[in-house]
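Below are two complexes that have chain A in common, paired first with chain B and then with chain C.
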Partner chain A sequence: MLGEKDSFAKSLCWNCHSEVGGEYFCDRCIKIQPAPSQFDYFQRFGLPRHLTIDLQDLERRFHELSRKFHPDFFQRGSDQEKAISLENSALLNTAYRTLRDPILRVGYLICLEEGAVKDIPAKAPPDLLEEILELQETLEEYKQVGETASKKRTDLRKVLLAEQERIGSKEMVFEKELFSLFEEWDRMQDQRLLEKDGQQAHRRSLLQRMKDLLSARTYLRTVLQDMNEGLREHHP
Partner chain B sequence: MAYSNKVIEHYNNPRNMGSFPKDEKEVGTGVVGAPECGDVMKLQIKVEAGRIVDAKFKTFGCGSAIASSSLATEWMKGKTLDEAEKIKNTEIVQELSLPPVKIHCSVLAEDAIKAAITDYRKKTGSNGSV
Partner chain C sequence: MSTIVGIDLGTTNSLVAYMDGKEPKVIADREGRTLVPSVISVDDQSWIVGEQARQRLITHPKTTVYSVKRLMGKGLADVGEECKYFPVFLSEKQPGVIQVEMGKYRLTPPELSALILKEVKQRAEEFLGSAVTQAVVTVPAYFNDSQRQATKDAGRIAGLDVLRIVNEPTAACLAYGLQKKKQGVIAVYDLGGGTFDISILKVKEGIFEVLSTNGNTHLGGDDLDQRLMEWVLREIEQEFGLDLQKNAESIQQIRLEVEKAKRRLSGEDLTEIVIPIKTGAVYRRPLKRVELESLVNDLIDLTIGPCRQALGDAHLSPQDIDEVVLVGGSTRMPLVRRTVQEIFHQEPHCEINPDEVVALGAAVQADILAGGIQNMLLLDVTPLSLGIETMGGGMSVLIPRNSTLPTNAKELFTTFADGQRSVDIHVYQGERELVKDNRSLSKFQFRDLDPLPAGMPRIEVNFTIDANGILQVGAKDLRSGKEQSVEVKPSYGLSDEDVTRMIEESFTFAKSDMDARSLIEARNEAATILRHTERALKQGEPLIEPEERNRIQEQITALKKAMEGDNHRLIREWIDQLDKATIHLAERLMDSTLQIGLKDKKLSELP
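For the complex of A and B:
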């Protein structure tokens, strides 16, 4: 990991005040240390900022670190040690939950990178918004048509059920496209270590594409959820 | 999360809900969305002699988004395009006492106002000061 060891070396042990050389424990007095606050979730697990993650490896790292920090092991420690172990465990759990899920993972990565690349505006896809608006209007019409059986009601329900399926598969297409960009991102991350020039534009456009896909997916999921609810509550 | 009384009031009695026929030449339409939560907002203005004579909205989203757009249509009516363009999301935040997590709803409303005005200007090829 680039530059990580440097950041460890800068912090002092809260107990013996010597420079902390180890990762989460002081080399000298072996007391537990808080995770450096500038650590992102990837660094917490000693992983590069890649989007493709071996889940078994991640789980193994998670268990290993959990065992180190677990508050149970610090029950007889000082209040400070208890507090640090608790905080490290909580942070580790959040980091694990985020990285384990590919969608949360890419969302988190975009957040991290936005800090570095300056905020990337979320482009709203106008066609998609129009489409969603239309769907919502149909759904509203269906909800208002009343519970009694009528041709209009049957027709609207049929339309909505078909749309439900179409939107569902559209979401899958977006998701697939998003995941296909993971490898491209990882490749770029690896190359970046060797060659620093000319990557900025590519990096930015890749992040932009991922962000757009992620937001398109959110729009679809929201309308899909509304449709599911509407169709369930207003059952034939 | 608890909504402020003003949000609840707009939510229960939304002003100017509905829509105008999109193709009419005195109508400007803005459709915007919040990528964080998937909310979608449509805001329309009817313009006569450079002044907004009527406004309508349709918002599919949370109470704050509905209240923000409802308030926006209320504020826009009677204003010139240039005046309406100056409505800031911070004013909406203040009026509705929106909490920090709901600020993006007011941003959405501001974006919708701008989008509707832009659409109208593009449609008529005017700068609104006619």
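For the complex of A and C:
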């Protein structure tokens, strides 16, 4: 996985057929080139595969690349140039949307590292499973009692609101813990160059921890969303 | 190179602007009017668009249509209440495509919008003195794919290459950015004739990045008018015992009167609605601004939710907004301004005319595309999430709302049965969990797959939303690496073949329009020559032989007969004949006048 950039086969310019030296434009005829398909979102911005990202720097890079690729600037170009600019621009925008959000960023990184294409599934954290099941029963019960005010309804609502707060703070805890691993990951990425023994195991365990935290957080979010809807729709 | 114009195709009015050096300018007509009322009328001869059509709203309600924009990209089921008082009859051309019945014509909304586009195109051509073939056209930010596609179709039918569809609030922001050098986080509140949009942008060093957008495509000045009109109708019924609901002329008359009253109340606290009723009676009603406000307050409140949603989507609170800009005629209402102020905790701005600012911005975008302005770039977003139907009718989002455009998503598809030769994908737009609650966009069918066991084919589908906010779909067979053929069935709107046919028909229309104009001109000319000839004949009768007189009389009869027909060429033919037949008479008359003129003059006085 090291030195990915060097291992890319040099491609030929679609226009003048010379070897493309520059990243996105042919050195010789200055025509726009499709971004190498192997490029991941980090590489698109010329960034290392780090989880901590300076958002202002990312925005600056995004604007700079947008000025290079945006279809507005290829309006009078050939169909080929238009198509390339559209594709490059679309990928750049998707990459930016993913990287600027820490949650989407870490999810993307895990998929990238593990070679999986699909999203990380939401999974209930084992120690909260029982509580959440109970909570969902309460929510159902609350929906059943109907719109009319009653003591039972008020009580259920009180329970649910308290639970909502509890789950919400739990979610925050997961999120914080997840973010605290970002630095650890970045440090390890930097040290990887030394290829110490045991790195692979550490790397795998770190990825697994982040993945578990992310799954749990996503799960709690869905639960919270259900609760929000339930409480809103059945509010007298 | 010919100029790329910017067109604001509005619900109530349309405008065209161009870049005059470094300044965008709106093009006015000979009378100095910049607004072209988005009204279309037809008489038995030709199409009438703009101010003249607007004047026919009351006199010819059954063949005059307004607010066509509200029908764009919609099916009949989508327009209920809002078109309740439409004087023209609406039907469906095919499921998902409305057609408007005007006299003997049946036109779809894109064809009607094309007539407006042609009118503004012609205005621009007259002003610029050259052909206009390319344009940037604006749409409400909250327009979905079908509505955008319908607008693009309208351009094609009008003979305009629509280089870009731009969102109205963002266009307005471009104009402000260029002319007022605005920077920072800007909220654009756009309440027009038929639609409401809110867009939040970050403007930094020439980059106009839309952070989020929201809106309501069924909310605008028209709805306020309707509210006020229903109130007046009820009052008239109580006062005079007259139910005017079914009377198209009265409905239009009342609609126009209340609209004027509403406008006056933006500047005054009190006005009077005066409506003469056919029975000879007159409905008079003083109306206070506060009364109007309490009548429409709930409608204006409908803009609050989308503003909050847009703020939330941009992860901002009202304090983060540096400036609020107002766009659209309805933002002249003090109630609207107060509401905006409540939402954003600050006084909104409107230094540029809210009717013109969108067209000006469209001209700016046109100049960017032409390569004129190079340091400005607009990065807009898609207003609605795009997704596909999953098993059980769920919506699987591929591209979330507020994604910067262009954007794309790739998805792998395969088959469920052995030997399956095609795969269907149904694409939706919207924010709900189930596809049935969202808007169906199109069905795509990927055909001619190699017969393989179930699950073996690997079709990679690339969903791209381009900078216009319009979906493009491409597919590749990953096994063979070949492009996969796709058949597109739009759920709303016209097929490509429909549009091509309409372009052809519009040429025929153009021809019949021209024929109609030629006929009018020929008849006018014939009337003039007849008047002259008959007078000459009276004066010159003693100067010519009866034989000659009879010949001229015959020609006159022939020309009069030709005038009754509608062949302008035939009329011209007889005008020429009559012209020739009267040459001798004219000469004799000239001679005699000369003699009469000379009779009383001395030789020395002659020139």
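Just so we're on the same page, the second predicted complex is superposed on the first by the 215 of 236 C-alpha atoms of A that agree within 3 Å, B and C clash if a C-alpha of one lies under 4 Å from a C-alpha of the other, contacts with A are read in each partner's own complex, and residues count from 1 in each chain.
Keep in mind that, in the parts below, a contact is a pair of C-beta atoms (placed from the backbone, for glycine too) under 8 Å apart; a residue touches a chain by one contact, two chains touch by 3 or more.
Source: prediction; values computed, not measured.
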**Prompt:** When the two structures are overlaid on chain A, which partner does A:Arg97 contact: first (chain B), second (chain C), both, or neither?
**Reply:** second
**Message:** Just checking: does A:Cys111 make contact with chain B only, chain C only, both, or neither of them? Give me first, second, both or neither.
**Reply:** neither
**Prompt:** Given the touch rule stated above, what does A:Ala162 touch, chain B (first), chain C (second), both, or neither?
**Reply:** neither
**Prompt:** Between chain B (first) and chain C (second), which does A:Leu12 come into contact with in this model arrangement: first, second, both, or neither?
**Reply:** neither
**Fill in**
The shared contact residues of chain A with chain B and chain C are none
**Prompt:** Once bound in the complex, which stretches of chain C touch chain A?
**Reply:** 163-164, 204-205, 207, 209, 368-371, 377-379, 403-409, 412, 464, 466-467
**Prompt:** Mind pulling up the chain A residues that touch chain C in the complex?
**Reply:** 63, 66-67, 70-73, 75-76, 86-87, 89-91, 93-94, 96-97, 117
**Message:** Using the touch definition from the top, list the residues of chain B that touch chain A in their complex.
**Reply:** 31-33, 35-40, 42, 58, 60
**Contacting residues of chain A [partner chain B, same complex]** = 122, 124, 126, 128-130, 132-133, 136-137, 211, 214-215, 218-223, 226
